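Next up, some structures in structure tokens.
You will see two complexes here that share chain A, one where it goes with chain B and one where it goes with chain C.
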Partner chain A sequence: MSSRWTWRLLALPGVVWLSVFFLAAFYAVLAVAFGNQDSFSAPVPFWNPLDWNVGYALAVLRDIWSGGQYLTVFIRTFVFVAIAMVISLAIGYPVAYFAARHAGKRRGLVLLALILPFWINYLMRMLAWINLLSPDGWGTRVLHTVGIDRVFIWLGLLTSEGGWLDGQPSTVIIALVYGYVPFLILPLYASLDRIDQRQIEAARDLGASPRGAFFRVTLPLSVPGILAGSVLVALPMFGDYYTPDLVSASPKTNLIGNQIDQLTRQGSEKVTGAVLTIILALALLVLMVYYLRSTRSADDLAEA
Partner chain B sequence: MVPRRMAHPKDRSGLTRRQLLHGAAGTVVGAGVLGVVAGCENTTQSIGGGTGETNKFVEAKPTGPKGLPLPRPDNSVTWAITEDNPAILEGRALEKGPLTIYNYADYVWPGLVKRFEKQFGTKVQIATYNSSDEAIAKLASGAVNFDVVIGLSGSNIDNLIAQQLLQPLNHSYLPNLEKNIWPELQDPFYDRGSRYTVPYVVWLDGIGWRNDKIKTDIAGMAVPWDIFWEAKPYRGKVGLLDDKRDALSMPMQRDALHSGATPDLNTEDPKLIAKAGADLAQLAGISNIKVTITDYQTLAEAKTWLHHSWSGDVLGAAIFYLPKGTKPDVLSFWGPDKNGVVQNDFLCVGRKSKRPVLAHTFVNFMLNEKNAYDNFVQQNGYLPPQNAIDGDALVKQGLIPKSLATAVVRPEQFSFNQELLQLSVAGERLWDDAWSKFKAG
Partner chain C sequence: MIAWLRNPWGRPRALAFVTGAYIIWSIVPVGIAILFAFNAGRSRTTWQGFSFRWFTGSTGSVFHDPALQSALKHTLLLAAITVVIAVPLGVTLALGLQRWRGRGSGSVNTMMLLPLVTPEIVMGVALLLLFLKVFPSIGLGTKAQAIGQVTFTLSYVVVIVRGRLVSIGREYEEAAADLGAPPHDQILRVLLPLLAPAIVASAAVVFALSIDDFVVTQYLSGDASTTTVPMLLYATARGAPSPALNAIATIALLITLATLALAFFVYKRFAGGGGDAAVAAIMEV
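Moving on, here comes the complex of A and B:
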């Protein structure tokens, strides 16, 4: 009896935390999204769901349905985040793989080196990039010397030499990748590190080539890590607004986070901002459910 | 939904904003479905949104919150002094400090604050806000209580009055108002008799550019605003003010210059507002225009070459933000002589000020000629409307380069240009909708 209560008490701080900072806060957003606003543009939340006003939500859905501005921004956000995630994986997987399997005694050092830059505040790092990528910045010069800017121009991803900050989608995506890639590497590293070495040895003993062993054993076993890492980077990317603001500021790179920020921070459309927040959360929920289901089946696979 | 949002140069987008909410999913679905099913209401009409007075003999004018009139040059307003919020009596003794001030960040020179502290033997505490919206919401909530409020303007005036956020001023404590301030702003149409506000600084919406990068004589063009539609060669190096009122009024001014008509930059005509939005959208294609209010840095550092700018920001860029070795005369400014945007903001005493005499004293101190001048040239870059500060003299002294002479606002410009003023609830939303459509790209 008493030990059961001890366990329940241990859960209490977490429950309180979740209730106050997550459930209550989120319910407040709901109450605003399904509320109204007064003549000073201040949101008037409707706390009782029976009173809820769906006018603002329907207006946004109508806009999306008819291919309006919010659809444009949602699609742009999904495309940017998808590309950024693929690039993050392409960079993060080899790094995590190396750290987990080949770094030997130095793996701690390798991980530390990866995480060290991220002790510095995100905004400071982005502001640093602005200086690096400005027309006469060091980064721009290096990229020019190596010829990367010409490759980008040839691919149509950059409009002029040294024009990295001229409102380029490619710069925003690169900045997103840079900002969030460690959150992908760490869970991936953990999952690769956990793979039983003997399974790979067994595969090799049974005649698999190194490449075959990787594709048939290591990669499938690291799927939970890939998914966990992807979710960890995708969630903050979907809500990001300061990265496009800082490295671009062009309407052509505005993400859904920018739209929400603009609507809620000032002006007369705060309720619409809350509605967009809810819609974004719903979209992310779908992704989360998919993630939970795939990790479960991946776990089942691993156990089998 | 009337505007809290406002055209103020110090409104910051950016670094201090909150993170967004993510996640939360479980509750949403359940609650969302419930809401749609149960939703007894389906409206986007805000609560208590003012509609004009109904009289069959008069065309209804749009009104502000609580049905207050919207001040316009041809519709001046004298705000009443109510019994529950009187001005202080004459001849009261100075209270002890500290004096509390609510202001934009970096909008008053710290040296001046020290000077006040020394002169009056008191302490000053400054709290800052990032947007006028935030300031009014916090003042209205009663959570904060300040002696002096700096930086709000005519685009919020109805909100300030309707929510009784300001204390009426007793002019016997403000001799510098009559003595030093431009006659044009002594008895303004938005607050006849300066009952609740006195002017702090003035600015003009115009074009700032780097004349070392752009060789076109922009000021000499028939319609200088056209340069933004001819800015293809400067792609990626062009900026637009990140403020819906300033930005959308720019193509309106351009159209008016072309047609010779007088624009109404406080219009609530849905067609005109939508057209302005569509015109701005062209700029995204032409120059991939950036939407920022960091022109005082980016022009100074040549990260942008052409910017829709507040005059004070370009002066600020020339005075404080140029990198070593760059001369201030690489910056040029053009502002319209008429039918453009000219604006001033306010010094006010907070409704619940506990030190009203000290607050009045501070306002009067800021209206002092030397103090106002030092504030301008030491940090702010925004011109105080002081009779004794002569733009031509500043240019002659070399403090302001010739290429920026037009960035110094003259009193007569208040007669021929327009201020961006409070709109009705519905009108504000038209501007917000056009703006968010443009910003979606």
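Moving on, here comes the complex of A and C:
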């Protein structure tokens, strides 16, 4: 047996597993989305692409085109994610910068604190906030004492004192930030940590002001980290349904993930759910491919 | 922040403040949730004294309430099954992909990485439809959940093991080959012992990922006996739950952290290269 074949044989079981449970699963989504449904609205997949029925997909596209409910949900999802991303970067960049440059002797401890939320169950982190933000929770009381609830009401971001969990878009967005910002900070930290300090010193020696050195050296060099981290956070945010369910549970904050979840897992319109899943996956494909390419080039650099 | 822009080598008070505030904001709420697991009363918002009643009490505690007990057992069972399947599959796939250069390896590599970036709901829907329409004989429930978890944790094993393979280099294998070892001896007697720390680390990561997984596990769940701890948190957090919910979440958290800490020390002790390499291996993805 030549050693070339040894390696291929070793890869075989994993390849078969992913083909059956990953690729074939995606094909099942296509077959359902372009299939039909029976009189109980259970999906009847069409496995042969030549038989595909585009009726359900067209109905969804027509809804989106004419400004129907799905368009509303897609736009809301985009707006929520965009705002959450901007807030996440505003929080994450300074934190990552501090950890990479200024944490000094406490760097290990700071890193540990930044990594910890990764391994605390997402739902437990949400549960913590549900306890804190319930009408008599400690968080609600603190926010009331400091007057933040009145500021939010004044800004139109909260409808009533103590009503943080009553379907407030602002609560959902802040919960998304809380949930995903740790996943942004670590790639940012890695890219800031990689920047050669001597480049900044060179900029200073050549007369750049500290501010100029930051905006013309550090910031541009950290752009790959900003992009990779943003994509890494945007992908799960676009597919989230549990965060709005937990901190709002109101149709007013339905995201595309909620719509898909209601149609597929909970509901009986799996065909339309499959169509929406495909639209979401296609919309995110650009981000996914971008992220894979950027990490692969980083891998190649590491191997070179 | 302005002061820091003026002198980035000075002491960045504003940055330190932002970082400190962020760390407090990210960790203290969870700390309070853990604290209320030990509340003596039913409330999750008013402190009524310290007790273990929600862990061990005779009614409604994690160790006595059938639903809570079942969720904890099922979570651990799934994690064990997933580790047992995902680790060998991932290790062999990593070995194969690392040394197999040629036609097909690029597309296999892409297919292996895709689960890492696929939003979980997309994967959940895909697997749900697969088990409903293609494998109705497997159906929804424990088997489907385990298969789903293996599918998305496999890539983590590959990435961790491959990182170690890259750092080992090819010298040891080549030396073994020069001394006449056939390919299977190169793998079993040279590569696997060198990979052991990475294998342990990846097993721990898979175990932790499995315990924490929510979306895929929920989509593939069958009856109530296939409820896991995260599913229980989702289902009851907004209802009228008791601090027992905080208690079960605390137990799951302790198991996750203990597993990862163990892996960290194994990796650090046996793989050499200091703590940074171990953090990198565990944090890789």
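Annotations for the structure displayed:
Assume the second predicted complex is superposed on the first by the 259 of 304 C-alpha atoms of A that agree within 3 Å, B and C clash if a C-alpha of one lies under 4 Å from a C-alpha of the other, contacts with A are read in each partner's own complex, and residues count from 1 in each chain.
Assume a residue touches a chain if its C-beta (ideal position, glycine included) is under 8 Å from a C-beta of that chain, and two chains touch if they have at least 3 such contacts.
All values reported here derive from a predicted model rather than from experimental measurement.
In the superposition on chain A, contact of A:254 is made with chain B only, not with chain C. By the touch criterion defined above, A:284 lies against chain B and chain C together after alignment on the C-alpha atoms of chain A. Legend: residue contacts after superposition of the two complexes on their common chain; A:50 is shown touching chain B, with no touch to chain C. Put simply, more of the residues of chain A are touched by C, taking chain B and chain C as the two choices.
In the overlay built on the shared chain, the residue A:138 is in contact with chain C alone; chain B does not reach it. In the superposed model, A:265 lies in contact with both chain B and chain C. When the two structures are aligned on the shared chain, A:24 is found in touch with chain C, with no touch to chain B.
Touched by chain B in one complex and by chain C in the other are residues 22-23, 25-26, 29, 123, 134, 165, 235-236, 238-239, 241-242, 245-246, 249, 257, 260-261, 265, 277, 280-281, 284, 288 of chain A. Looking at the complex, you find that chain C touches chain A at residues 1, 5-8, 11-12, 14-16, 18-19, 22-23, 25-27, 29-30, 32-33, 36, 44-46, 89-90, 92-93, 95-97, 99-100, 102, 108, 110-115, 117-130, 132-134, 147-148, 150-151, 154, 158, 166, 177, 183-184, 187, 208, 211-212, 214-215, 218-219, 229-230, 233-234, 237-238, 245-246, 249, 252-253, 256-257, 260, 275, 279, 283. Residues of chain B that touch chain A in their complex: 1-6, 11, 13-15, 17, 19-29, 31-32, 34-36, 38-50, 64-66, 131-134, 136-137, 140, 159, 162-163, 235-237, 239, 242, 244, 281, 284, 288-292, 301-303, 425, 428-429, 432-433, 435-441.
Those residues of chain A whose C-beta lies close enough to touch chain B in the complex are 22-23, 25-27, 29-30, 34, 36-42, 44, 49-59, 68-70, 72-73, 76, 123, 134-135, 159-160, 163, 165-168, 235-236, 238-239, 241-242, 245-246, 248-254, 257-263, 265-269, 271, 277-278, 280-282, 284-285, 288.
Chain A makes touch with chain C in their complex at residues 1, 3-4, 6-15, 17-19, 21-26, 28-29, 31-32, 43, 45, 91, 94-95, 97-99, 101-103, 108, 110-111, 113-132, 134, 136-139, 165, 178, 181-182, 186, 200, 210-211, 213-214, 235-236, 238-242, 245-246, 249, 257, 260-261, 264-265, 270, 273-274, 277, 280-281, 284, 287-288, 291-292, 295, 302-303.
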